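Once you've had a glance at the structure underneath, I'll fire off some questions.
Naming follows writing order (A, B, C and D), and every chain is counted from residue 1.
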Amino acid sequence: MPLSPDQLAEIEAARANPLPTLRATSPGMEAHLYRAHQVLDHGFIRVVDYMGDDAAIVQAARVSYGAGTKHVQNDEGLIRYLMRHWHSTPFEMCEIKLHVKLPVFVARQWIRHRTANVNEYSARYSILDREFYIPAPEHLAAQSVVNNQGRGEVLTGAESARVLEMLKSDANRAYDHYEAMLSQNGQLGLARELARMNLPANIYTQWYWKVDLHNLFHFLRLRADEHAQYEIRVYAQAIADCVRDWVPLAYAAFEDYRMGGVTLSGKAIAVLKRRLAGEVVGQVDSGMSKGEWREFLEVWG
Amino acid sequence: MPLSPDQLAEIEAARANPLPTLRATSPGMEAHLYRAHQVLDHGFIRVVDYMGDDAAIVQAARVSYGAGTKHVQNDEGLIRYLMRHWHSTPFEMCEIKLHVKLPVFVARQWIRHRTANVNEYSARYSILDREFYIPAPEHLAAQSVVNNQGRGEVLTGAESARVLEMLKSDANRAYDHYEAMLSQNGQLGLARELARMNLPANIYTQWYWKVDLHNLFHFLRLRADEHAQYEIRVYAQAIADCVRDWVPLAYAAFEDYRMGGVTLSGKAIAVLKRRLAGEVVGQVDSGMSKGEWREFLEVWG
Amino acid sequence: MPLSPDQLAEIEAARANPLPTLRATSPGMEAHLYRAHQVLDHGFIRVVDYMGDDAAIVQAARVSYGAGTKHVQNDEGLIRYLMRHWHSTPFEMCEIKLHVKLPVFVARQWIRHRTANVNEYSARYSILDREFYIPAPEHLAAQSVVNNQGRGEVLTGAESARVLEMLKSDANRAYDHYEAMLSQNGQLGLARELARMNLPANIYTQWYWKVDLHNLFHFLRLRADEHAQYEIRVYAQAIADCVRDWVPLAYAAFEDYRMGGVTLSGKAIAVLKRRLAGEVVGQVDSGMSKGEWREFLEVWG
Amino acid sequence: MPLSPDQLAEIEAARANPLPTLRATSPGMEAHLYRAHQVLDHGFIRVVDYMGDDAAIVQAARVSYGAGTKHVQNDEGLIRYLMRHWHSTPFEMCEIKLHVKLPVFVARQWIRHRTANVNEYSARYSILDREFYIPAPEHLAAQSVVNNQGRGEVLTGAESARVLEMLKSDANRAYDHYEAMLSQNGQLGLARELARMNLPANIYTQWYWKVDLHNLFHFLRLRADEHAQYEIRVYAQAIADCVRDWVPLAYAAFEDYRMGGVTLSGKAIAVLKRRLAGEVVGQVDSGMSKGEWREFLEVWG
């Protein structure tokens, strides 16, 4: 259970007193505010604040493109046009702030998205809780044999049990020793900034993360993708579900052009044109490497 | 008059219908929303949206520093601590979106602040209005003789009149020709992206500008400073007046530590310590250059 | 002629004394160093410094992907893989510094690429030269009738002559008055930071611009594209010619995947698959808007 | 010993063949290139590439400030002027690329500096080595009693021995199990991206890190400071030693104005002025909080 009764009471208190505002307001997002969406065994994401809505994107675009855009297109068409042509600045006019609880090894991938603002729980100042990510058995998989980084077959039986046992016992021993090192029971107690080094990468941390919608879409494209590691993908998907309710037109355009789209190289365009003209093209005469050709076939058969 | 009746009606309409929100709300900022604050002869700034308040800064800091911060300090003390120690990330948790109308030469300075989001009116798509910044006579000044970039004595009489006449007539002639080049009255009409090149740098443009509070403070420190060019300083001051109403605690800390503060070099510290010990120190034995020494005396006498 | 004899002598002096270095060195780029490539009537780009080469991209990628990448792929294949999968960080390991002379209206577009370092000539400190961009007659075109921002038919005869006359005479008058306002001949002389506001957007400025290869590719994709304004496109193309000599493998991948590639939406993929299966698909049953369909046909016929 | 014989041989090979270049070259930095400077027990930093030197900073500044700067100041004076007035863009014209091997908990602090380029060793693709940071006994300290985050008294005797024993045995057990989970000896073997979660934060990782000089100075100011955690401070100091040899004038200005300087608030200025006028001022009539006053006394006595 990711939230304590105190935290739940705090959430309900925060939701109890709506105030009047003149700002752009998204009813779909108001319903999410402060509420925790559980992710993995002890994690969550929750929306803490947001700025803007679909109309704010349109408004910023109309400032840029002036009177010319006023009558020709409805909001949906304009948003699709912006997405199609990589006009990213109007999407930057929306902003979201999330509170996220996540394992450290997920946080390490996440933080590589640099264009965002972060306040993370500091283990120099404070003591971390005894909470570790232990994968569900169906997510314990072997190294992929076709992909240098992904997962393949799911582990079963004795191997699965043995892995879970190691993860659990090592996490607990590491935490026991963390506590023992910090302990001032007749001792000085090791500084927090040092004791934390004993903790494994599946311990949970938390942070506030604030990002604009353009950069969030970039994050979602990479991290909600099926090639992303499962443990970050579920966070991306939980966020995506909130974004859909926040800016439905922008999210629909994102789904069509980014999540559901592909990028073709000049070589791939040439092959498709030859195929459309009835020609049968193989890897050797495609000009592509074997790897490129395999990826091409995954989409086009 | 910077706003047309249509624009004023639009502002009043936008202000007419408050909606309930669960987000952090700043009463001081709600009073500013959408209202234009006039700057220079035809410019303005107005707040279009905001995210967060003083409490949001504190909340983010408490996530970082954990339970340790809960009881020791009130909000004001914590905000001052963050500002004093350059802990900038909690201030990044607040965001503001402004609509600004400003001369192009001011926009060119402003845009150098890169960590912000911008949607500017596009003169490729749309036609610019006939609005130019013409300085008030008391702002027509000579090049400073002590400062490589600033202004010195105010121009008077015939010189002032002659300068104003040149600025006005050149602006109008440039705009007449801009219109004539665009004209399709029996002609093709020059493309907007080309015709705009005839317009001088005092023509007004406008944009939406979105920035987090930390980067906004950095902007204000540089641009509300007395060494900044007058024409950008008045924009910075108008924004500062809104920020004071938005996040009064953060703004007070900013005023004390940044606007009212100074940075001392190791050499300057050494001189002050010698002075405190009763010694009389001159430039030659200060280790400073003449320029540094002059700047030192400006603060310390 | 963009360069004075003094400047040319300076360039030859800078090229006269090669020094030994242990850094990664690109022979193709050494040949460009300091040499000005003319752009437009008075502009230029020249490479002032660079960091890295194709091998540096590969080296950074191999740090990330470890021993697994050592034997399976040659450098070209690895670079193409990185480009295809949007693995942008290895390209960020190369850096280029350019000296550019360009009209102000081009600079205003250019500066919107925020992830770069810039030092621009300051008209607050120094006096601008009397150099203006005057388009060649074949580049004086009308507003496009199919595109909200582009150019259409070329102007001819009297209209063209009249436009050129306006551009030239307004530029010269504006500069005459700029000089007159600055003049201290029996006067105070207006401050430079004010006098500059009289100058039109086709006056030349210059700057040092430093950017990493990933962000440079992004710039080139948008600005060397046929939809970019001609006056910035020629700068992008001149830079592209240097990049090709600097990092030939990376540039070839960029050309295939970015400049020569397209992005397809989910809807467009579905239409192409139906076509490949022999179906005839029209706009109405494509699910696309008329605008999207027109753009789709431009690529696929 | 952080480097294997293979790695040392690679370094010597890389240093064996200087090539001629026309670029700005820093003899002090050439001597460092590729050579590893040991940090902590298994870590290092080494310079892999650099761009620019002191003269490049001056050159960029002179582009900005034009002819006005040509005769009045020597290079050292100009660089000090830029540093004193926070004119940061000329320092951005220099760039450095480092190869760093560091414990994960140090990497997690380091990565918070967002304006940099990073390629980190990926534990999704590759297997980490059995190398852990184990503090030397003299660096095992208790939590500070005056500072919420720092270290206080050094641990001794049994407590120290017990802590070291825990750190060593937990690290080795975690790594044993990491290997066991990966093992395909009659098993599928757990995917690398999952197995890594068992490893503690004192395991070593490595990355290429590229940053401009302005942002590097910001990093050094925060991380070479005595309040920074010891384990990141030693990295910052090793880098600082290279920077001193690379851009001696810029580094000297940085030392005087940043490392050796202080920032005074408006309140602190007022107190110092009263003291200079002979007044005795205490905390109560200083307007400062107790915390501010304590920090003030640390500098001024």
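Here, a contact is a pair of C-beta atoms (placed from the backbone, for glycine too) under 8 Å apart; a residue touches a chain by one contact, two chains touch by 3 or more.
This is a predicted model, so every value here is computed, not measured.
For the pairs A-C and C-D, the larger set of C-beta contacts lies at C-D. Look at the contact of subunit B with subunit D and you find the same residues on each copy: over half of the numbers used there are shared. With centres taken as mean Cα positions, subunit D sits 34 Å from subunit C.
Averaged C-alpha coordinates give centres for subunit A and subunit C that are 33 Å from one another.
Among the residues of subunit C, those touching two or more other chains are numbered 65, 68-69, 118, 122, 125, 148.
On subunit B, the positions that touch subunit A within their shared complex are 14-15, 17-25, 30, 33-34, 49-52, 56, 59-61, 63-69, 89-90, 92-93, 95, 97, 99, 117-122, 125-127, 206-208, 210, 212. Per the touch definition, subunit A reaches subunit D in the complex via residues 103-105, 108, 111-112, 114-115, 118, 122, 124-125, 133, 135, 139-144, 148-153, 155, 159, 162-163, 166-167, 170-171, 173-174, 177, 180-182, 187-194, 196-202, 229.
For subunit A in complex with subunit C, the residues that touch the partner chain are 65, 68-69, 77, 80-81, 84, 86, 148, 222, 255-257, 259-269, 272-273, 275-276, 289, 291-292, 295, 299-300.
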